[in-house]
Amino acid sequence: MGKIFVVDLAEGEPVTSFFLAKQVQLRQRRSGEPYLSLILGDRTGDIAAVMWEGVEEASKGLVEGDIVKVQGYLGTYQRERQLTVTRLRKASPEEIALDEYLPRSPQDPVALLARLREMVEDVREPHLKRLLRDLLAEEPFLNAFMAAPAAKSIHHAVLGGLLEHTVSVVGLCRLLADYYPALDRDLLLAAATLHDVGKTRELTWDRVFDYTDAGRLLGHITLGTLLVEERIRAIPEFPEDLAQRLLHCILSHHGELEWGSPRRPKTLEALVLHYAEDLDGKVNAFLGFVQSHSDPQRPGWTEFNKTLDRYLYFGPRDAGEAPQGISKPTPSSL
Amino acid sequence: MGKIFVVDLAEGEPVTSFFLAKQVQLRQRRSGEPYLSLILGDRTGDIAAVMWEGVEEASKGLVEGDIVKVQGYLGTYQRERQLTVTRLRKASPEEIALDEYLPRSPQDPVALLARLREMVEDVREPHLKRLLRDLLAEEPFLNAFMAAPAAKSIHHAVLGGLLEHTVSVVGLCRLLADYYPALDRDLLLAAATLHDVGKTRELTWDRVFDYTDAGRLLGHITLGTLLVEERIRAIPEFPEDLAQRLLHCILSHHGELEWGSPRRPKTLEALVLHYAEDLDGKVNAFLGFVQSHSDPQRPGWTEFNKTLDRYLYFGPRDAGEAPQGISKPTPSSL
Amino acid sequence: MGKIFVVDLAEGEPVTSFFLAKQVQLRQRRSGEPYLSLILGDRTGDIAAVMWEGVEEASKGLVEGDIVKVQGYLGTYQRERQLTVTRLRKASPEEIALDEYLPRSPQDPVALLARLREMVEDVREPHLKRLLRDLLAEEPFLNAFMAAPAAKSIHHAVLGGLLEHTVSVVGLCRLLADYYPALDRDLLLAAATLHDVGKTRELTWDRVFDYTDAGRLLGHITLGTLLVEERIRAIPEFPEDLAQRLLHCILSHHGELEWGSPRRPKTLEALVLHYAEDLDGKVNAFLGFVQSHSDPQRPGWTEFNKTLDRYLYFGPRDAGEAPQGISKPTPSSL
Amino acid sequence: MGKIFVVDLAEGEPVTSFFLAKQVQLRQRRSGEPYLSLILGDRTGDIAAVMWEGVEEASKGLVEGDIVKVQGYLGTYQRERQLTVTRLRKASPEEIALDEYLPRSPQDPVALLARLREMVEDVREPHLKRLLRDLLAEEPFLNAFMAAPAAKSIHHAVLGGLLEHTVSVVGLCRLLADYYPALDRDLLLAAATLHDVGKTRELTWDRVFDYTDAGRLLGHITLGTLLVEERIRAIPEFPEDLAQRLLHCILSHHGELEWGSPRRPKTLEALVLHYAEDLDGKVNAFLGFVQSHSDPQRPGWTEFNKTLDRYLYFGPRDAGEAPQGISKPTPSSL
Amino acid sequence: MGKIFVVDLAEGEPVTSFFLAKQVQLRQRRSGEPYLSLILGDRTGDIAAVMWEGVEEASKGLVEGDIVKVQGYLGTYQRERQLTVTRLRKASPEEIALDEYLPRSPQDPVALLARLREMVEDVREPHLKRLLRDLLAEEPFLNAFMAAPAAKSIHHAVLGGLLEHTVSVVGLCRLLADYYPALDRDLLLAAATLHDVGKTRELTWDRVFDYTDAGRLLGHITLGTLLVEERIRAIPEFPEDLAQRLLHCILSHHGELEWGSPRRPKTLEALVLHYAEDLDGKVNAFLGFVQSHSDPQRPGWTEFNKTLDRYLYFGPRDAGEAPQGISKPTPSSL
Amino acid sequence: MGKIFVVDLAEGEPVTSFFLAKQVQLRQRRSGEPYLSLILGDRTGDIAAVMWEGVEEASKGLVEGDIVKVQGYLGTYQRERQLTVTRLRKASPEEIALDEYLPRSPQDPVALLARLREMVEDVREPHLKRLLRDLLAEEPFLNAFMAAPAAKSIHHAVLGGLLEHTVSVVGLCRLLADYYPALDRDLLLAAATLHDVGKTRELTWDRVFDYTDAGRLLGHITLGTLLVEERIRAIPEFPEDLAQRLLHCILSHHGELEWGSPRRPKTLEALVLHYAEDLDGKVNAFLGFVQSHSDPQRPGWTEFNKTLDRYLYFGPRDAGEAPQGISKPTPSSL
């Protein structure tokens, strides 16, 4: 039996499907009998659920993060959809296709990688070219690079988000290298490709997006620097100055010390990479927030965005047209 | 007799030319006799000068900012070139071509304006189109817009710098509007064109670059808002919401309150304009500083840049090749 | 039947009155039956309410912000008063006197306006005098100016609060102009009168206090500058320098860039206006917080004030005397 | 022979008078012979001086801060007045009237003290009244309180400046206590009178204005708190709460921790005192800077003020009228 | 009948004991009947409790902070232990041993005081020695000094915490005085002993840890300065300079103005005291947080620490070994 | 002929010695003849010098940073010692013992290294022990580690300063590990030893102390992380978690992001290392500043210290005793 996604649940109909149990609480009715209050979800969204009967057995050994198979039917409670669960059990490993449960970039990672490799072929400086080619041929690295999100939250926080963000930044830097000929195009493209590779070691993305121990203790800027510097040392006669300028771009791409960069940009390429990277993240965060947090009480506005510390405005539109009018930002040439 | 520029003065040769007297000091020799210590300049640079004889008459009524005609010969003092002046008088108005004395953008303002008008034709929203066309047809505005520097110092601080910067930002925004289709292209191009028009009222550029009283008291963000809002009101049925979104872009283009914007960007267009504008200014400032302040003691590095609070690095190069290797940033399609 | 105010509800008695439905939640009893949980309010305060019967019909089409007519009786729940509602329907427009539902300044707007006009007559500089007289004769402006609150929250957040605050600041500036004779009295009085007029366009005050779109996108400082500059241009031969000094006062009245002023005070009048305006707002906020948030557990102290980031102390008093001891701040001469 | 003040020195005439030697440098002519370069001054201003003959003897034992008797004549050097000294010797103690050498408040300290005592009589709370009366009757305290400047620089940096500032703040607070009746008038007047008394121990004002060791190590806020607390303890049954509220005003009068107050204002009186004190200092600093640093190149503007980090504008005036047009700020009722 | 501590409550067993009622809420069942929801606690921890019967009588006059005697039995609700209360009454004063209800330092105050006196005997400068000896002999001071916590929360927030922290800082300073011989050992030890004595007047610790009025209005830095300065004045011929250096250490021990010190350290002893004091507090806060807030979901890590704005890591350990592996920080020589 | 040091130059005597030419300026006498103005120095200090004859030949090819041999005699100019040079030539390489020209730590590097190795032997965890032993046996690393300064300026800015600072921090950490038993002693000692090893690549110390390109672009924190991580990878089965905790200490030892650490301390060892490292630097900077910048006008005080933004106080002492009274800070057990 195939998976039914949260977004497709139809009110009043019976449901049999798998979900990620994101929240599990055993509560007590006034009568003293227990019931289960759950939040179930998958990559399309979340839904509240309750289970009234057979709770004791169903809840045994159940923990948050488990994938569960449920039967039930969809009703409404306090004007919100609510799933009343009649049967529930933990799924067996072979029943689980994990990426049904975490949000995923709408862009195909294989196509993105092909796009990245194509852009990387533009690089003419032989050491940089070899560095990029070699890394994009490392199987274990690629597996992580294609799956990782770009962040735990805020922007590109979806499976494949790191690759999507990287391709977008590389594409943007290519435009900027054409626009400002004083830029060292090869260095900028290489730095854009590598600037966030440390995130493959900083984050985990198995059942939730979170930081690894290394991520918390060292951070992706240092992890990326270590990863790249090791590859550089493996390439004979990699020019010392070129290596330093490349690593400087990675180190300084957050732009300011207080944003976690141990150096601030001192080269033109580092400066431009910082702007391109920051802009791409901000555009993605803006559009994502508009899609997920538009204010139902006030057309054209989002709810308050705590990260940016302001309300966002996406303009006056007809009631039905609004959110759809904003398409996903994608490099136009993809 | 034509003007000889500071950059062309040849050591050991007699000099007869006009210069801007940037600094004038009457000093006293130990013997008690007075002498004149001057800094003379034009748009190609500055030179120190001294005058030993006929000082009393020459200095009468002479003030900083005067254009003077001098005779003399070029020598060396403390390893720096120094002009010993034998005759000096104030120039008469008809002898002065002012733009020989202030630095000027290397780009032709007529070509830049043509370029800007061409890009503005891309705007399809009729009210915005009319607003831009009308403004770019106002003679007094255009005179100022084509002559003004973009700043007193820091970036694009040259005659014609405002137009050069504006064209560059519009060009960049055009690329970004193609790259991120969620952007309202018309709004972004209009905002990019108008974002700094207040500088035509904030700055003076007759003999030195400085702020007007209005510039100091109101600032170019408010002056530009007033200027644009007045034109908007003159256009029948200009949509209220569109006007607010356009003015919001102007108000917020510095990005943060502490950088002088009374609002922070709340729309995608305002956000992107801020990044484009800031990036273009920083690239220009970086390259200008590299050209004017490379550290002779340390190849590849500039002297300390107080605005950015760091040294800048433009890479390792051969002694002779360095500064030339960095070409002026220009929109590639110009 | 007249309105009964929240503050006058007597425990145990039947209630029939109109209220603003500030919060509306349809909840489910354990039995599965729905009930309504409400917060009802008017300008004198809020009260929690529940409705157990006839819920389905009563809640149809009911949204927050509606004025409703309710019948019920007042009881206690968790030591707080609670209204049990037996009947509820939306009020018809002709039943509503809106200002019964929003808090209102205790001061009479007509008297305040008269007071303001009287103080404005002190201004002797003819252009400023005409500017003020003309504006205070504009009907649509006056309607808004007399009704608007001075803020969404924090200080003078009541109907009529803008006028109350303005009159208080003008009065204070009059004292300061007498105290420091170096001040340009006319300019200071004019600036004090006009400093917050942009709030008539920044805020809405129909059923809740909130920001308009223009308020969020442009802010009252810019809106006020635009409003005043338009009136200035309508006055023949208004001196340019005087206009700039007046607009400078409006622009800089928040004192610092990070508080939203695009300029910081550069004239003595702008400096003094900033202090007077800030002080008057702080005094009002202090007293309002003492009245609404005194800490019942700790006599003489308020609860924690998040805006000021501290507890406030209004001194040791007898249990009964405390809050009353603090009278509303009013210009003493009113 | 009486003192001739710097401000009265007439060009071309012989001079015989006493001055404070503010700077003393023994320099060498190219010929190898020594000469003295001096800055001499008194409370009316400074003047540069040189001495060519008899230098060896004159400079023996001469240190900066000495009062010297000089003979010479006034000439011009680099467009500035310069005194050529022919004879110079240190003054004997009996020749020195110290207050001729340091700038002094234009207001009479005896009149100011009388005014302060009169205002203090308004205080009705008996403990506060006794505290103020007792302190203003302490001879050694009064001597310092009447002579001390209010600061080393910035504002009221003149002999008698502390008393002048104190009287002005008390006067201002009296107005504010009338304007905002919620204020505890007695507490506010007492706090205003005492807020800066620690400066009598923080500063020295014998030959230059500087900090004492205690001033540097403890600061005037703590020194004032200690001074006042000692007097409070000497008054029987001084109410504990009143004492705490008074000391709180002194501690918090700088308003923010980063400005040196260990507490921020938590009472209405402390809040108002902070504003009054800050405003009075700023007004005085503004006017003082306008008088001493108007920009000769730009009528209506001062030079750049580093403390306020901006240029100041005192408006457009006729060339001759400008500085005189700004009178000293004085409590209007004095 | 003895007290049973929260930490010792056994599931399923009847309970009869005294607890501090930290939270008291009267709620209503759907049926309309009231019940009591409580949080009960003592120095070993907290436990949730409910009371279904006899609520009306039990809750009469009951307020948070009361010590109550309860009967009931321990069950589980939502996987947490919950006490169902069958009888409840307020305890009489003679039944209460207050220190059973507040957390207490594990170290014996008598031993700590003895240790402190011993270290103080090291001080050889006679005035400092007398100052310390005298103060440590004052009965009322000692009672407070031995009982007070070192803070309301954050670090050493336990009865006896102030003495524990003081002894630890003095011990640390003794090591540092040996390590850096340039330090004035006597001054440093005296300052370490006295740096936080103001907390005896800043805090209350009867039923909860909170600030006194004096604590909120004046703060422990000023209260400590006043306390010490009074003792200094009582000692004949206490050197002025020594007194200032000692008070300077107290005033500046928070290191920066924004952390509440009105002076920043200007002497070597003040500098070192600041580091020692801060380090000791941080180490204690770190270990306390690890013990109380280790993240059950993530071994080796704590939950998010808001004060430090980060997660803390105490390393990888076996499930059972973890928290116990971290012993309380104690001066090693105790 | 041996070197005569600046500190030993005797007034009035002929001088023949080698110095570092720190500043070289060719100036012009009024007569038009050139002369040389120099600042000569060695590790004991600097002295001003002039050369009047034979200037043309002497100055040919002379640049700042050259070691020169001079003859001349010592006189006085403007109350400062001045060397009048009669002969001057550049030294040949074999005449130069470089460490005579740069300041050097008073401590013997061989003894310091022995001390460090001894302390390192305390480490018992085998992987850490091997890491430290191996690194301290690497010849090229050791050469740099023993010679490098700890900073370009501020603290330990002397040859051997890095090793001196490292030994001092390790010694301090050893004390702290004994004092706070919760600390992982082995990890802390290893981290203390390695925290600044990146400075061997960040700085140059041949003729002046300056940053390398790598130092400016990557910084010592990243350079040290790369250096240590490379050594860790060379050790078989180095525990991953231990490696991360060690690198975390290096990364976070500046404590805050804005001080250049890309992570803030999250482990107890990282926290303590930060305090120990910071304290040791501050103590050294304090004492160094007292020795070099005591204020001759104000006994007991230094001149204004810009780094710390304050004056420093080292107490009241007799005129002759003052500077000597402050001995160099040294680990007491050395």
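Should a chain be cited, it is by its letter among A, B, C, D, E and F, assigned in written order, with residues numbered from 1 in that chain.
Operating definition for what follows: a residue touches a chain if its C-beta (ideal position, glycine included) is under 8 Å from a C-beta of that chain, and two chains touch if they have at least 3 such contacts.
Nothing here was measured: the structure is a model prediction, and the numbers come from that model.
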Counting one step per pair of touching chains, how few steps separate chain A from chain D?
2
The chains touching both chain D and chain F are B, E
If you tally contacting C-beta pairs, which pair wins, C-D or B-C?
C-D
Where the centres are mean C-alpha positions, what is the separation of chain E from chain F, in Å?
43
Compute the distance, rounded to whole Å, between the mean C-alpha positions of chain D and chain E.
46
Specify, in ascending order, the residues of chain E that touch 2 or more different other chains.
30, 213, 216-217, 241, 245, 248, 266-267, 311, 313
Can you name every chain pair that touches?
A-B, A-C, A-E, A-F, B-C, B-D, B-F, C-D, C-E, D-E, D-F, E-F
Interface with chain E, chain A side, in the complex: residues 25-28, 30, 213, 216-217
Over in the complex, which chain F residues touch chain E? Could you list them?
171-172, 175, 178-182, 184, 241, 245, 248, 264, 266-268, 271-272, 275, 278-279, 282-283, 286-287, 308, 310-316, 326-332
Which residues of chain F touch chain D in their complex?
29-30, 77-79, 300-301, 311, 313
In the complex formed with chain F, which residues of chain A make contact?
213-214, 216-219, 221-222, 225-226, 229, 241, 244-245, 247-248, 251, 257-263, 266-267
